[in-house]
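Scrolling down, you'll hit the structures one after another.
In what comes next, chain A is part of two complexes: it sits with chain B in the first one and with chain C in the second one.
Up next is the complex of A and B:
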């Protein structure tokens, strides 16, 4: 009996340190966030904190600003999933197949990833300037229409997407290259012997073998685009109007500009809830990897 | 040694029931030329008092939230805090700042009479002074003297003249006619227009009034000026207006006087030698929009008298020229704006002495101002881009501002 008791306590003892860490860094802030979202704490209003129920959710989540931010966030996520990942995988495959200058490209690709997003955005902001920027100067030299990159609603979105892609595609390439390098050669050789074309080999051999790697990339890019903030803050501050205001920007403005702590907490809680489906993706990755 | 410092202090400072002399005081600053000047001159105060100055520097975006959080914990972490005047109402309402009236009225060194009446009230809320003026930044007109000379133009005194000058410059092909910040920060210029045209942002009952005939006329005029602005003006923020003016060809701008140090520095400004200044044009009302940093003492500071001593030393009359020469944005003391030696070097200083016949407008004293500002920016973006007409855009904006002002606490 004593041994049974010991064996029951042992797993708990192993798990306990994780919970000790999780409580202060995850559960406590989450609990405090939910508590604040149901009250009316504001740094600018010196009133006793009172329970207001779902008022903050009603005023700051059920409104056009929030819906617009959800739409913008989803659009940036779509760019990450449907543009950045395919381009990155394609470039990685090309690089892997040529075998030439791979180490040079790998080193070069690291550069955008090593730069801080704020510095990157400042650099691009200057390049996008209609008066001083090199981009419109180049377009003008080529007699191509020069958009008002940061002042036009659609152009501002594309400007952010370009900068984010410039920094993120190298990440996709590097991870895919690592996946390709660790791939067993036998299935590829067997496909060649069977007379498969390059496209068929990519479609039926490479891609299925890359699936675990691609799922990890997908998860990371979704998380990154969900919290996209610094590039937008520097390039457009969410403008023109609210055209490029993501959920993170909206939450930032509510918390740090309006000093409305409880309203920001309500947005934060909904943001956290919206990120829950990512857990399903994580489970899928685990099962595929296993 | 301590006695020696005390006697040195007695010659310059207001005598108050002094706190126990601390080993150091903590000063919270926001990166700016004024903050740099304070850091530069702090060792001199330390040499005089023996008190070390520890600086915490936090970028603008999160500074005010951190200041309020720090003060509301009540631990006395900071002794002096720099803040934007736009947050004055929030800080004062949150009882985060120490009223400074007793200090300022008793201080010969700070000398409130050295400020014109319109400047004396800067940093006041609800009849009490919570912040000293750390920079005096009225909107002024900046123009390219070389372009003006070649086209035989004179600085505008009215908005119609301003537009006529802009059109003439644009038509000449020498430069873009003018630039204002039509992107983020667009309210800086729009407010000036509304006030100049005799309008107001809200009434005494805190009801928004941005769709009155005056506000509509002002917004139409503001939008019309876009025709003489350079390409990309809709994405231009407050700082961009200055950086484009000093590095490209733009005939004239309206901008806060606080940008002077960069505009006239040849290392930062390609056009430094060809830039001159004039008062802001007048409309129906000779409105002058006044902005600038404030600095004050947190309500939870444990070293208030030494914090005041620091501020009195730094921003007092005796140190005013040093402060300016250390690179700070100028403070509009009369002793500075009439100082011939300083004026010879910095002619724009005369514009900081605001004329008695002008109506001076500071940023609205609203706790909800930051949200009011953001909602206005969002609404104006749709109007300026032509997505909606001025009339319908302002009506929609007025409705959106009603929701914001409904949250304003009574004061």
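Up next is the complex of A and C:
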């Protein structure tokens, strides 16, 4: 019987439907994207398409809009890494240390996580409105500066960062809590016996043990801030000017506002290439945490 | 002294957590109350938190619009159609992966899945739009369902694999001894045992698809509008009709808020690339 156990394998054929799905919806568009990026095609003008070599990459990838989009994307990534993760880990740690109302706090804090981003962003847009919005009403009654949230270059960036943080910090909390829950108790107890303060225990016991979990959170927050789209689309569409135009938003605007299919495809190919390092990062992180 | 310190730490903890809970819940409270206000109350300053007379007018307005009923139907078909398809295809793959951890092609599949998860959606949507336009596949709900199923495949497989891996081989061996075919073992023994995992994955996938915006807004048309596409339509040139918009948003987010509380623990695996077990 033991032999049966060893040789018992599910048929590899079961994996075929996944490939059948991935080929037309992942590989084919990727190939077509590369093809389009080397040709001249725009949605508005149905002329026969011609081969133009790397022109689209020259003219569109290497220009000021693209660099500005790289900068904006990097800034949103920085918010994710340096603001969302620390706040999320702090809240999860505090939550883990409490005994009363734990499930109330936990459930309430996690709710924003999976709410429809389009609906969430529209509601924040309502709250951000400069004359009649509740946020500026609050700032006014506290006698603080009331920015034109979605019309001002700096304020629009903060507005999007706030909404993204509102939805993403709960994710950091959820994963950190899972990490804390599976942590061995012995090292903590030993530290208490040795007279370590709460802050020392967090710094020298909890944080090192949490490292694999933190790496996973870091990877996913980097990926998801790279992909950030819905919230920006609803709040500013990349504006004012190009102040909040991330790489995704630039690609979208090029394809569907300026109808420049080939140029958008070139940007897409660059974005696909930029996600390759994330794959390598994933391989590394999984080998640490598994 | 020590007791005082501990108490102030506790006080600090509860203050921070309460503030966080307030920030997390206030926008939701504000959406729901706005949906219950008359137009005059919507914009009144100082804002009316509780002192308004609630009305269901905004909801009545929405539901009297035949377009909105179609939108809800589309969203339901899109969400559940894709959840079912995802589960069928994903379960097969997850079972094969769980039982053959080192097969040829696993690396290929892994690269596909991670790139798919890591790439911004627009990268694929631009060429997909071109492709669908050529093949006259734009604005068809079944096409949208197949596409979103493919895009959600990474989540599906990551969530399901640990559940299949956890099923003891001995149970399958019993099926073999009874002379069942591989397919029947899968169908009659494995799937029922993995059902708790399958249902958690189905809920999670439904949440993802329910929220999906890019695919239906670009590859769909008026006849395939889903809830997020419909809601985004409220940003018209000048007038923002906040009351009905808040009502439509409430209808989008309330079911999810309820489900999130219900399945939070199960979400960990799918959200963390399977790197963390629940």
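Methods note: the second predicted complex is superposed on the first by the 263 of 290 C-alpha atoms of A that agree within 3 Å, B and C clash if a C-alpha of one lies under 4 Å from a C-alpha of the other, contacts with A are read in each partner's own complex, and residues count from 1 in each chain.
Following the convention adopted for this analysis, contacts are C-beta pairs under 8 Å (C-beta built on N, C-alpha and C of every residue); 3 or more make two chains touch, one makes a residue touch a chain.
Worth saying up front: this structure is predicted, and the values here are computed from it rather than measured.
Q: Touch test for A:89: chain B only (first), chain C only (second), both, or neither?
A: So A:89 meets neither chain B nor chain C here.
Q: Contact-wise, after the overlay, does A:80 reach chain B, chain C, both or neither (first, second, both, neither)?
A: So A:80 meets neither chain B nor chain C here.
Q: For A:151, decide between first (touching chain B), second (touching chain C), both and neither.
A: A:151 sits against chain B, while chain C stays out of touch.
Q: Which partner chains sit in contact with A:205 here, chain B, chain C, both or neither? Use first/second/both/neither.
A: Neither partner.
Q: Go through the superposed model and pick first if A:255 touches only chain B, second if only chain C, both, or neither.
A: The answer is both, since A:255 touches chain B and chain C.
Q: Looking at A:214 after the superposition, I want to know if it touches chain B, chain C, both of them or none. Which is it: first, second, both, neither?
A: neither
Q: Between chain B (first) and chain C (second), which does A:132 come into contact with in this model arrangement: first, second, both, or neither?
A: Both partners, chain B and chain C.
Q: Looking at A:180 after the superposition, I want to know if it touches chain B, chain C, both of them or none. Which is it: first, second, both, neither?
A: A:180: touches no partner chain.
Q: Once chain A of both complexes is superposed, is A:115 in touch with chain B (first), chain C (second), both, or neither?
A: second
Q: Can you tell me whether chain B or chain C touches more residues on chain A?
A: Between chain B and chain C, C touches the greater number of residues in chain A.
Q: Where on chain A do the contacts with chain B and the contacts with chain C coincide?
A: 132, 233, 252, 255-256
Q: Over in the complex, which chain C residues touch chain A? Could you list them?
A: 9, 13-14, 16-17, 20-21, 23-25, 27-28, 30-31, 34, 43, 45-47, 88-90, 92-93, 95-100, 103, 105, 109, 111-112, 114-131, 146-147, 149-151, 153, 157, 169-170, 172-173, 176, 182, 186, 207, 210-211, 213-214, 218, 227-228, 231-232, 234-235, 240, 242, 245-246, 248-249, 252-253, 256-257, 259-261, 264-265, 267-268, 271-273, 275-278
Q: So in the complex, which bits of chain A are touching chain B?
A: 43-47, 129-132, 136, 146, 148-153, 156, 233, 236-237, 239-243, 252-253, 255-260
Q: Can you tell me which positions in chain B touch chain A when the two form their complex?
A: 61-62, 64-65, 68-69, 72, 89-90, 93-95, 182-184, 230-237, 240, 244, 247-248, 367-368, 370-371, 374, 377-379, 381-382, 385, 387, 409
Q: So in the complex, the part of chain A that touches chain C is made up of which residues?
A: Touch residues, chain A against chain C: 1, 4-5, 8-15, 17-19, 21-22, 25-30, 32-33, 36, 41, 90-91, 94-95, 97-98, 104-120, 122-127, 132, 134, 137, 141, 166, 170-171, 174-175, 178-179, 182, 198, 212-213, 216-217, 219-220, 223, 226-227, 229-230, 233-234, 247-248, 251-252, 255-256, 261, 264-265, 268-269, 271-272, 275-276, 278-279, 282, 285-286, 289-290.
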